[in-house]
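Quick one: the structure is below, and I'll ask about it shortly.
Chain naming follows the written order as A, B, C and D, and within any one chain the residues start at number 1.
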Amino acid sequence: MTRQEKKEFIAKRVAREFTDGDVVNLGIGLPTLVANYIPEDITIYLQSENGLIGLGPKPDETTLDKDITNAGGQPVTLKTGGMYFDSATSFAIIRGGHVDKTVLGSLQVDETGSLANWIIPGKLVPGMGGAMDLVMGAKEVIIAMTHMNRGKTKILKRCTLPLTAKNQVNKIITEMGVFEIKDQKLYLLEYNKDFTIEEIKAATEADLIIHNPKEMVVY
Amino acid sequence: MVKQLKLNALEEHLHDGMSILVGGFMCVGTPELIIDEIVKSNVKDLTIYCNDSGFEEQGVGKLIKNNQVKKLVASHIGLNPYAGKLMSSQEMDVELIPQGTLAERIRAGGSGLGGILTQTGINTIVEKNKQIINVNNQSYILETPIRADLAIIYGNKIDQYGNTMYRATTRNFNPVMAMAADKVIAQARHMVQQLDPECVHTPHIFVDYVIKEEDSD
Amino acid sequence: MVKQLKLNALEEHLHDGMSILVGGFMCVGTPELIIDEIVKSNVKDLTIYCNDSGFEEQGVGKLIKNNQVKKLVASHIGLNPYAGKLMSSQEMDVELIPQGTLAERIRAGGSGLGGILTQTGINTIVEKNKQIINVNNQSYILETPIRADLAIIYGNKIDQYGNTMYRATTRNFNPVMAMAADKVIAQARHMVQQLDPECVHTPHIFVDYVIKEEDSD
Amino acid sequence: MTRQEKKEFIAKRVAREFTDGDVVNLGIGLPTLVANYIPEDITIYLQSENGLIGLGPKPDETTLDKDITNAGGQPVTLKTGGMYFDSATSFAIIRGGHVDKTVLGSLQVDETGSLANWIIPGKLVPGMGGAMDLVMGAKEVIIAMTHMNRGKTKILKRCTLPLTAKNQVNKIITEMGVFEIKDQKLYLLEYNKDFTIEEIKAATEADLIIHNPKEMVVY
């Protein structure tokens, strides 16, 4: 798989995590792609932390409205039934547990559910934006990321980069599989049959508990 | 009746070393005309509170580029490489704050609270040098209020009393910032007679001056 | 689409010992139909959070009169002598909280804050048994969040998604309460197709069930 | 003066404390009367803590709207330019110092600026409502009350009833005079010429600093 194919594959699988009525916040980058693959038989409500619920598809020239943007500053649309609010309300929604699922990318995740996705020492620090609030506040935190970065695993025993949050990640979805973190242990729930279990283990520094994993199904 | 201000009279309200809350999220909902005027005034050593550092040629990025900013407090500076460069070279002091904490600290400043307790940032470098408070066996960071000398905000419709409505996602930090400054100056995209009392986002008592972007009704 | 609930199906959502946030201010903006149904259900040992105790025959006063309330948390009980009598005889536990603190504690409960710091009540009996926190040489009371099993609110216009607008001063505690309960049931004066996205007071994600007061569009 | 005349007299004098543009919150009872005497050459904005700014006069039968009430639950009207908000916003306005002046009644006030107006031990306790937030948050706290209660002074060296707030009162206006509290000392600013200075001193337990007081003028 090319890097782009991996991303599409991951996004498609993440999209199957949602249930009808979920309020979902998708991070910038790979997670944004997830919106393209939401199953048609469910309705979810996309929250954008800059101040809306009911994020719709990208506008075309005729529907472009520069006042309607997502948390990346990009033009979006508002679905019927959606509404706007200010930043304090937006994070009251996020911190208050009213977001069912958040999907974020990460640089590192570890088997205790800690994640690091905002600082690489020695490099320019862009800032955490709303990520720290999202991972602390959302009911379920799903990390969507490629399994490796330049040949190095991103699923560790312990994160080495400065943390975004401790013990908050519930699931990790990569091109290799679906992983769950429970009681600070990492379980393989599903595997991509393009890889062997040995390959997945080798690509994962964290201790991986494998107990009857299913095949990863992506439509 | 809210006081109208001409752009060229803005300078009277500016001084070196002042602190300014700037509305907007990646320049969506930022009062660009007011920022241009602050650039012209060339006031120095500003402390700027804004969601982000804008772009190099837009939003608070224009103040940064003109080397007017001594300290920037923001949640994100990733879209303005020049801000990153000044941060790395320590030519500008940058304090990065989680976005929800930034919003809530400004709200606390405007609401007379001594602070709020949040779990955002707990067990990360964000908790450094902050009080940790235990409530019901959970640890929280005590985050203190933010206030500034001036807030500059961007209203879509402002009525003759100063009541303000924002439009779509231009709202973002504008309403909380309007509550947390000694003086509030709003850039109005449209001036109108009167707004629906059920739909006012920022009550007129918070808005001291309005700068009209265009005449309209 | 928000779920519609028939009044007579409300009972499924009630149980002895539950806690309920009740919107309204001296019964202005209180969902009276829902309260009548709670009276009918005769559930007991309720903990009620409300601005006040209503009147003897109105608002939460009806629950108090029917001896369903074990504990009342309010800012004022002066207009309901029966509530005062039960408080004096210790037949009902009454906790009096400053009104702004009550609003802010409920907001904290809905916003995932561990608490807020306020000077309201400092050096009075309100500070009894509470943590006092020092920030910038000022003393503040740490007030902790309030949440409940259920919130019952009163919307003037609710759209098919559950987006809610209140009318005039019926708004009061309804918006914060809608954020601070495991389940939210709204009484709708009017059901409408859709509300203006700029003017929604309570986003639909907070409203679980709507009970229609009358059919309307 | 009858009790009602005293109240009207006090209300008229309080109304002269305001300056153009003031945001003012008037408590229940005597303070509510103040609204009837606002000088015509200034505009003030009355805030009501149940959720509005722009409190107008009582409605008549044709303008009655039961959804528009004041903090006493009584029907009121909204002036042009006024607006509604929720209780959290209302007390953000109050606590945040955005109310210039609040006028409240009191059972006791003392020379340190402390006041007690919500509890009489042994009697039914109605609750503090919004009073504690108002006296802590408003920029200026004006107590409007009759000077005595059943022959007993209400201006004391130290309050004996449970406090509403400590050191928050700036002015006291009674039928006898206008008093200012500064640095925990009580000054007589104005006196009602219907009373002698000796009478005012005798009716005041607190130490009263008298230095060139003016005559109290009420229109």
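Points to keep in mind about this one:
Keep this in mind: contacts are C-beta pairs under 8 Å (C-beta built on N, C-alpha and C of every residue); 3 or more make two chains touch, one makes a residue touch a chain.
Please read these numbers as outputs of a predicted model, since none were measured by experiment.
Averaged C-alpha coordinates give centres for chain B and chain D that are 35 Å from one another. Rounded to a whole number, the gap between the C-alpha centres of chain B and chain C is 32 angstrom.
Remark: chain A and chain D have CA centroids separated by 55 Å (rounded to whole angstrom). In chain C, the positions touching at least two other chains are 104, 107, 111-113, 118-119, 166-168, 197-198. Taken residue by residue, chain D touches two or more other chains at 78, 84-85, 91, 94-95, 136-137, whereas all remaining positions touch fewer.
The touch graph of the protein chains shown belongs to none of the named shapes.
Applying the touch criterion to all chain pairs gives A-B, A-C, B-C, B-D, C-D.
Chain A makes touch with chain B in their complex at residues 48-52, 65-69, 71-73, 78, 84-88, 90-91, 94-95, 124-133, 136-137, 162-166. Of all the residues in chain A, the ones that touch chain C in their complex are 23, 45, 53-54, 78, 80-85, 91-98, 136-137.
Contacts from chain C toward chain A in the complex involve residues 107, 109-113, 159-161, 163, 179-180, 194-195, 197-198, 200, 203-206.
The touching residues of chain C, counted against chain B in their complex, run 104, 108, 111-119, 131, 133, 135-136, 138, 140, 142, 144, 165-168, 196-199.
Residues of chain C touching chain D in their complex: 25-29, 51-52, 74-79, 81, 84-85, 87-88, 96, 98-104, 106-107, 118-126, 156, 166-176, 201.
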